[in-house]
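First comes the structure, then the notes that go with it.
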Amino acid sequence: MDEGQIKQLLQRFRNGEIDEKSVIESFKKLPFENLSFANIDHHRTLRQGWPETIFCEGKSTDQIVGIAEHILKNNSYLLATRIAPESAEEVIRQFPDLIYNRTARTVASKIPDKTPEKKSRVALLSAGTSDIPVAEEAAETLAVLSIPCIRIYDVGVAGIHRLFDKLEQLQEVDFVIVVAGMEGALASVIGGLIGVPIVAVPTSIGYGTSFNGIAALLAMLNSCAAGISVVNIDNGFGAACVVARQIYHNDKTSK
Amino acid sequence: MDEGQIKQLLQRFRNGEIDEKSVIESFKKLPFENLSFANIDHHRTLRQGWPETIFCEGKSTDQIVGIAEHILKNNSYLLATRIAPESAEEVIRQFPDLIYNRTARTVASKIPDKTPEKKSRVALLSAGTSDIPVAEEAAETLAVLSIPCIRIYDVGVAGIHRLFDKLEQLQEVDFVIVVAGMEGALASVIGGLIGVPIVAVPTSIGYGTSFNGIAALLAMLNSCAAGISVVNIDNGFGAACVVARQIYHNDKTSK
Amino acid sequence: MDEGQIKQLLQRFRNGEIDEKSVIESFKKLPFENLSFANIDHHRTLRQGWPETIFCEGKSTDQIVGIAEHILKNNSYLLATRIAPESAEEVIRQFPDLIYNRTARTVASKIPDKTPEKKSRVALLSAGTSDIPVAEEAAETLAVLSIPCIRIYDVGVAGIHRLFDKLEQLQEVDFVIVVAGMEGALASVIGGLIGVPIVAVPTSIGYGTSFNGIAALLAMLNSCAAGISVVNIDNGFGAACVVARQIYHNDKTSK
Amino acid sequence: MDEGQIKQLLQRFRNGEIDEKSVIESFKKLPFENLSFANIDHHRTLRQGWPETIFCEGKSTDQIVGIAEHILKNNSYLLATRIAPESAEEVIRQFPDLIYNRTARTVASKIPDKTPEKKSRVALLSAGTSDIPVAEEAAETLAVLSIPCIRIYDVGVAGIHRLFDKLEQLQEVDFVIVVAGMEGALASVIGGLIGVPIVAVPTSIGYGTSFNGIAALLAMLNSCAAGISVVNIDNGFGAACVVARQIYHNDKTSK
Amino acid sequence: MDEGQIKQLLQRFRNGEIDEKSVIESFKKLPFENLSFANIDHHRTLRQGWPETIFCEGKSTDQIVGIAEHILKNNSYLLATRIAPESAEEVIRQFPDLIYNRTARTVASKIPDKTPEKKSRVALLSAGTSDIPVAEEAAETLAVLSIPCIRIYDVGVAGIHRLFDKLEQLQEVDFVIVVAGMEGALASVIGGLIGVPIVAVPTSIGYGTSFNGIAALLAMLNSCAAGISVVNIDNGFGAACVVARQIYHNDKTSK
Amino acid sequence: MDEGQIKQLLQRFRNGEIDEKSVIESFKKLPFENLSFANIDHHRTLRQGWPETIFCEGKSTDQIVGIAEHILKNNSYLLATRIAPESAEEVIRQFPDLIYNRTARTVASKIPDKTPEKKSRVALLSAGTSDIPVAEEAAETLAVLSIPCIRIYDVGVAGIHRLFDKLEQLQEVDFVIVVAGMEGALASVIGGLIGVPIVAVPTSIGYGTSFNGIAALLAMLNSCAAGISVVNIDNGFGAACVVARQIYHNDKTSK
Amino acid sequence: MDEGQIKQLLQRFRNGEIDEKSVIESFKKLPFENLSFANIDHHRTLRQGWPETIFCEGKSTDQIVGIAEHILKNNSYLLATRIAPESAEEVIRQFPDLIYNRTARTVASKIPDKTPEKKSRVALLSAGTSDIPVAEEAAETLAVLSIPCIRIYDVGVAGIHRLFDKLEQLQEVDFVIVVAGMEGALASVIGGLIGVPIVAVPTSIGYGTSFNGIAALLAMLNSCAAGISVVNIDNGFGAACVVARQIYHNDKTSK
Amino acid sequence: MDEGQIKQLLQRFRNGEIDEKSVIESFKKLPFENLSFANIDHHRTLRQGWPETIFCEGKSTDQIVGIAEHILKNNSYLLATRIAPESAEEVIRQFPDLIYNRTARTVASKIPDKTPEKKSRVALLSAGTSDIPVAEEAAETLAVLSIPCIRIYDVGVAGIHRLFDKLEQLQEVDFVIVVAGMEGALASVIGGLIGVPIVAVPTSIGYGTSFNGIAALLAMLNSCAAGISVVNIDNGFGAACVVARQIYHNDKTSK
């Protein structure tokens, strides 16, 4: 039931076509049907670029193509994450406008560059080269969300001097995403050096007691540098969404 | 070695009082000594209210009093977290200007209300009444950081209707902190309803398979609502710092 | 906003006192405010004996007394679980009509026996004598919910012959609650012998690798006897609520 | 030894063909042999549709076909769960009357619709599309058990508004099965909104800290909504059996 | 229903006092009631010294005294394990014939030395001095079971030479119990050196990653020396029972 | 250095061919070289059938064939466990006297039946059909060790009546091996019913929270039936070795 | 900015070409750029043989070849660990001077034997034959680092006598690396017998409760023999690096 | 049996006082008795200052005093770790020459300063002030072992600049011990900056997901800086022993 229908109902009530009891009866069902309508402003804002996302792990190529078709009928943008090469190739074959990033394991809509003048707003750090796929998933998500970012890869604490001449750059962005596996110490080191908002993404990179990312996750949750927040293991997409919530909110409120 | 000392060194070099080799020798040690000076702008900004914090768990009353004394000599503000009642009472006895919040288990400096005109910028939600101490730790930290907040307590999903008439309020703040123990579902529900930045704090409230907060932590890390970030179990202080990084950064960049 | 207020709003709209836009504006807030009203029938049914519950662990005597006072002003019944002896004694001193069950660690309202003619509807089994407190918590909860039960204690599989002459009784109730710690095998054995609905409660009884009830929990979740469901460790209260949902629902639908 | 044999024994004893000692000797073995006979009523009731089940994981196609053949000789109905596509196809080829549900990974007997007039008695909810296979396993099990159900899929808390207009339906069934992976919050939300009996099935859907369903399992065991019970991860079959125990018991006792 | 009652029943049936149907009706209940009777030989054998045991952890002094009183009325022997000093003293005060072993945390009946001529049949090894309480619990249990043992304490692998001159002794007993905490390596070393039956008891001795005995437990379960079996952490009582099952069985079958 | 060499050394010393210092020098190395000699009696006894074993998991067919060749040169008997079908076939092709048990995943020497008159000494129980491979590994190991056993399969507690008419048999053997996955309750049930020595083998059969056998392992370690010992998950070989230690020891000492 | 650039800067400052402010501005950036320069001596020492390493797990053959090519342009030596056979063969095909060790899963530069006169400095022990690949990874790493070692394999505690005649050799090296899976007891036994520095490497060899090396890791961390340190599971490379740090440091300081 | 006794035995054999058989019989027992004698050189070296240690946790004051008395009779030095204040005071009262370090929770012999000229050989780092007790335990152990060290406390990565001006010092010692709780990142940072041997000690400092030191332990085991080894959580004593093994070995071999 949308606003038009409510108006109609009220008209019919004023016109005596329906009685008070019927109106109230209709309203009893309203709470649930109208929730989206109540949130509509917020949702519209959020969706100004918030893409429909397909999490491809465990889905067949047929299923992914089907969902993609459905999304592209109703949306301008699409993002598919954790897509296998063979699925990606089929999706690209059917929707040639989409772009496949093999490293990031994503297929995404090409976003017209609406922000040529804007400076990079997010710095995307990875500790090692093996963490890059997760970082790239974040990068692709940011791209679809029209949030410009810079990539600073392979600056883990084993070669900490590589990090130091990037610090100036880091202090000029609005958000830092730190992607690290193994012992995940990079998040703490960054947190101790700069005051910019930071979200940490543990990765499943490592072996033995890395326990598929648990070591890095625990390190990040226990960071002695205050004010670092954390998302799920390998969740580059989620980190980009944390950033997007903030940047969209800032943009909305700064208008 | 501060900026003044560098100037002096350069003067003496130009005057021929010391030779090139001595200057270079001095600079070899510079990198580490000067790091804080390089970061000084950032730190100054951050510290405009960023209090020195004492984590009191496992410290004796004597130790806490000693550290507090040291901090108060050099800083305007102090925050002590997880303080036991008997320690708190002794600290208050010796520094009567400090304020003890028994629920939050904090002792903190009284912050002059510099922001009378400002609207609340943070909403602090707790799922149950037992989660309030952690929420209050966040609230006290925000207070010392001069960030106004509203408290919305006991709105867990078991009585989800209590939450719904708060949604409008939630959409008007800059940040939402969700504090929840047991199954931690509140974070996901909020995340599905509003687009404002959210940080989730799992608490150790529960028993049996809550495993002292692990159940809530895992729920929050796996939230199906995208863009929620998480801090350590019971880490109300940390959540407030996540918010502070963002709000200080916004305030600095919006100037 | 309740039904009366909606009627009033509609009257004022028909009378032309307020315009269409104002009515719609009011309705925008309706969804959340009215949720409880939409669910009202369900809630009333459920609450016909569903007591307000205080989980006392981690609450001070003062807090418990305060909450109890508040509940007893608005409700006929009260149940306090996991209450310490000293708290219980103070609560009883102030509200002498309540009854303290030291084993169950509960304080509860005395429920008038409305069901003198009814047969026992629930069988409450415990594997060992150490599991009895959890079983008694379930028993007390059932009592406040006016659901008659029989207690069959200390029938664990180490002395399985004690169980066998109870089987006939078990087949005559509507629900069986199996409370067991250590290896929790009793649930599977019962599940293999009878077809009555069963809910299993693991307890933290045991030591070493019982891991405070995890061994029993896992055993119950992996039962080779199909159709057994499980609640949290030591959650006697929860098991009684599972039963109550079913029995209230049956009673409602069988009318 | 069945009832007939006992009669014969007693006759022979009365006729003096065997002495007292022999009768007692026979009875010494009785306890175990006769257990099934003692339970015979219960079993007959239970088996009025309770299918023989093959858990196919880790079994070869040959083994599955062999067991299926054996079952179909002695039973009217069969249910095979977690069957791989290639095994399923071979089973169907040999027993063309069976039906293969690829999503549910089940092969099952076609159950004649004995209940055309009956309303749906179970609502089967899934949080996401990825949880559907587990939900379908429950659905297929219910079908073989002749228990009609409705499917309400993809109503997770990330899009909680989709759930709300289903609530009325949910309050009309006898049992709700909630199937959810990731953070499993749907069970708590449903539990907070309706009073109908609920069994929750955690699924292994998720990645990283979902730990193959542990996150969802813990959330469900710790639900702040009282009276929800839980089965093993991905155990759609088990949830259907929980429901069947209840519904068969109700049907038997309401006669 | 015991053997006498069955005889009576058969007499009355032969005499025509009761009909066939009544006899069968009585037998329907027989299976469960008679289980203990069927097992009676076995139980009698087992109980020739198998003491009634009270696990005292979590029981009040009053409860322990009560249970002890009940046992001593019906049994010759009693064993109470994990008893606190204050409880033990009260039990001893009331039953002065019992003996309290402070290290073993046991109170036990004094067993008359029926086996003066017998050689030690069990060797009880502990790795460190801190493991002695668990070893002593085993020793006290063996004593009540009339099984003679020798104690060989503090022979852990850190001082492995102390172990070597005990090997000859070890090869002369019928069973070796190895009690070890920390890394539990002693069990493997013994297993590699002798062929006598071995049961390993992990203890909770250690700190940090000993995880209260898990490290030792895992070591023992994964022993590269074949044929070692394991009991629960700190379960000295259980290890003695493993031995007792074997020795009683051997004694019975060798007669 | 064996006994002969020592004699020779002493002769040469008495003959003055070598001096005192050389003898002592030789003895300094003795402790380690002679350990096997000191244990020689024990080892000979043990090895009267104790086969050389190849654990094939993670070994290539070539490696397995090579080790088998080496063993068969020096030993009468061989046992290969956890062998893959393709490896087994190649081993059999090269050593046609060996026997492949596909279910047990073993290849073993054919042991001449030296004990035609002997009764079964071990009962091998499995809870479900899926546990049979682990049980068969134990059976094959016992066979190579010349220990006769009976198999009693598929007697899990879900159909506990099937177990009861086997109890008499169980009381006549010298050892019971209980093999069970899922919740592992069978071990406790057997332990509560008979007094014969029992070793429990948890299997990795199950899914979800069975955690590859941890559920069954914990159940067995926490058995409320005293005197049950446990080996590693899926360790059928190890259980047979526990039995063999006992039976060989008994046979040796009863001579 | 290197030393030359600093000199130039100072010259230009003395010549008046740049002012004081510019020099200070340049130095503000110095701390991070110059860190490597400050550490340059240390790095040079360390790198006298410290090879560039490629961790191949999760990298494609193309990626490995690419990285190898890049390293070999700039370095004399290369080490690739955890390389799959097919990748190794391709790498060898392209760089025929490299050597592939199939067991160690390494490809490495051939190191000219610069130390013909030197005695073995490291003893490399493995408990079982299955642990050899991890030991060989350590051996290959040591080889590339020009550190001579002896291999002592298959000396686990199940056949502890094999170890004893190696003890003399062990006391003559500078470092012992103990590689062991299953229960990892070998580390403790060695630690109790010799005083030489020891680093322990747990391996993932085992099954069931070995939990892919956790059992061995915990055993080693809890060793009752003092002064043993531990690296990650299966980390043969890391153990060699621990040794290398020590030996390089000793060599440097002993000059 | 020591060397003298062997000589005597050989003499008596040569003199014909005893026969060959008796000598061999004596040697059969030799292996174990003589092990310590075989290792005697090593042990003497090791014990040149290696103190007898009492791990006091879980021991009563009486027990500690007793053990201390025993040690001091036979040894020059003693070290008691993890001693409670009340125990320490009693020990000091009875042995006034011992020294109590309240922070380190140690009581130790005063070691005469035999090494006045020596430079510090070990640097002892702690990340936070709460980690100091563990660091001090290491310091006290080093003191008793006569190994001079410098303390560099509170240099965690949250204030990483404090660390940088200590780097020069760190490169001059022979060993670095890094003591850190929470996320334990300090070990990786140090490992990336210097080439000196490093042993890392995780501490149980932290809360929530620090899991009593597991987070720090995992971080250290997974350090991306190669060549760091790890000891048990809170094991300051063990870290000092790792260092002592190395330094004693170096000193012995450099002579």
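Order of writing sets the labels: A, B, C, D, E, F, G and H. Residues in every chain begin at 1.
One rule holds for everything that comes next: contacts are C-beta pairs under 8 Å (C-beta built on N, C-alpha and C of every residue); 3 or more make two chains touch, one makes a residue touch a chain.
Note that the structure is a prediction, hence the values are computed from the model and not measured.
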item	value
Length of the shortest touching-chain route, chain B through to chain F	2
Chain G and chain C - chains in contact with each	A, B, E, F
Rotation, 0 to 180 degrees and nearest 5, that superposes chain B on copy chain H via CA atoms	90
Same or different residue numbers at the chain F/chain G copy interface, by half rule	different
CA centroid of chain D to CA centroid of chain E, Å	41
Chain A and chain B: spacing of chain centres that average the CA atoms, whole Å	25
Chain H, residues touching no fewer than two other chains	29, 31-32, 35, 38-39, 160, 167, 193, 208-210, 214, 217, 221-222, 226, 232
Contact pairs between chains, per stated definition	A-B, A-C, A-D, A-G, A-H, B-C, B-D, B-G, B-H, C-D, C-E, C-F, D-E, D-F, E-F, E-G, E-H, F-G, F-H, G-H
Residue ranges of chain F touching chain C (in the complex, touch as defined)	127-128, 156-160, 182-185, 188-189, 191-193, 206, 208-211, 214-216, 218-226
Contact set on chain B toward chain G in their complex	3, 6-7, 10, 13-14, 20, 23-24, 27-28, 30-32, 34-35, 37-38
Residues of chain E defined as touching chain H within the complex	130, 160-161, 163-168, 205, 207-210
Partner chain D, residues of chain C touching it in the complex	38-39, 42-43, 45-46, 53, 167, 171, 174, 193-199, 217, 221-222, 226-232, 237-239, 241-242, 244-246, 248-250, 253-254
Residues of chain G touching chain A in the complex	29, 31-33, 35-36, 39, 55, 57-59, 202, 204, 212-214, 217, 232-235
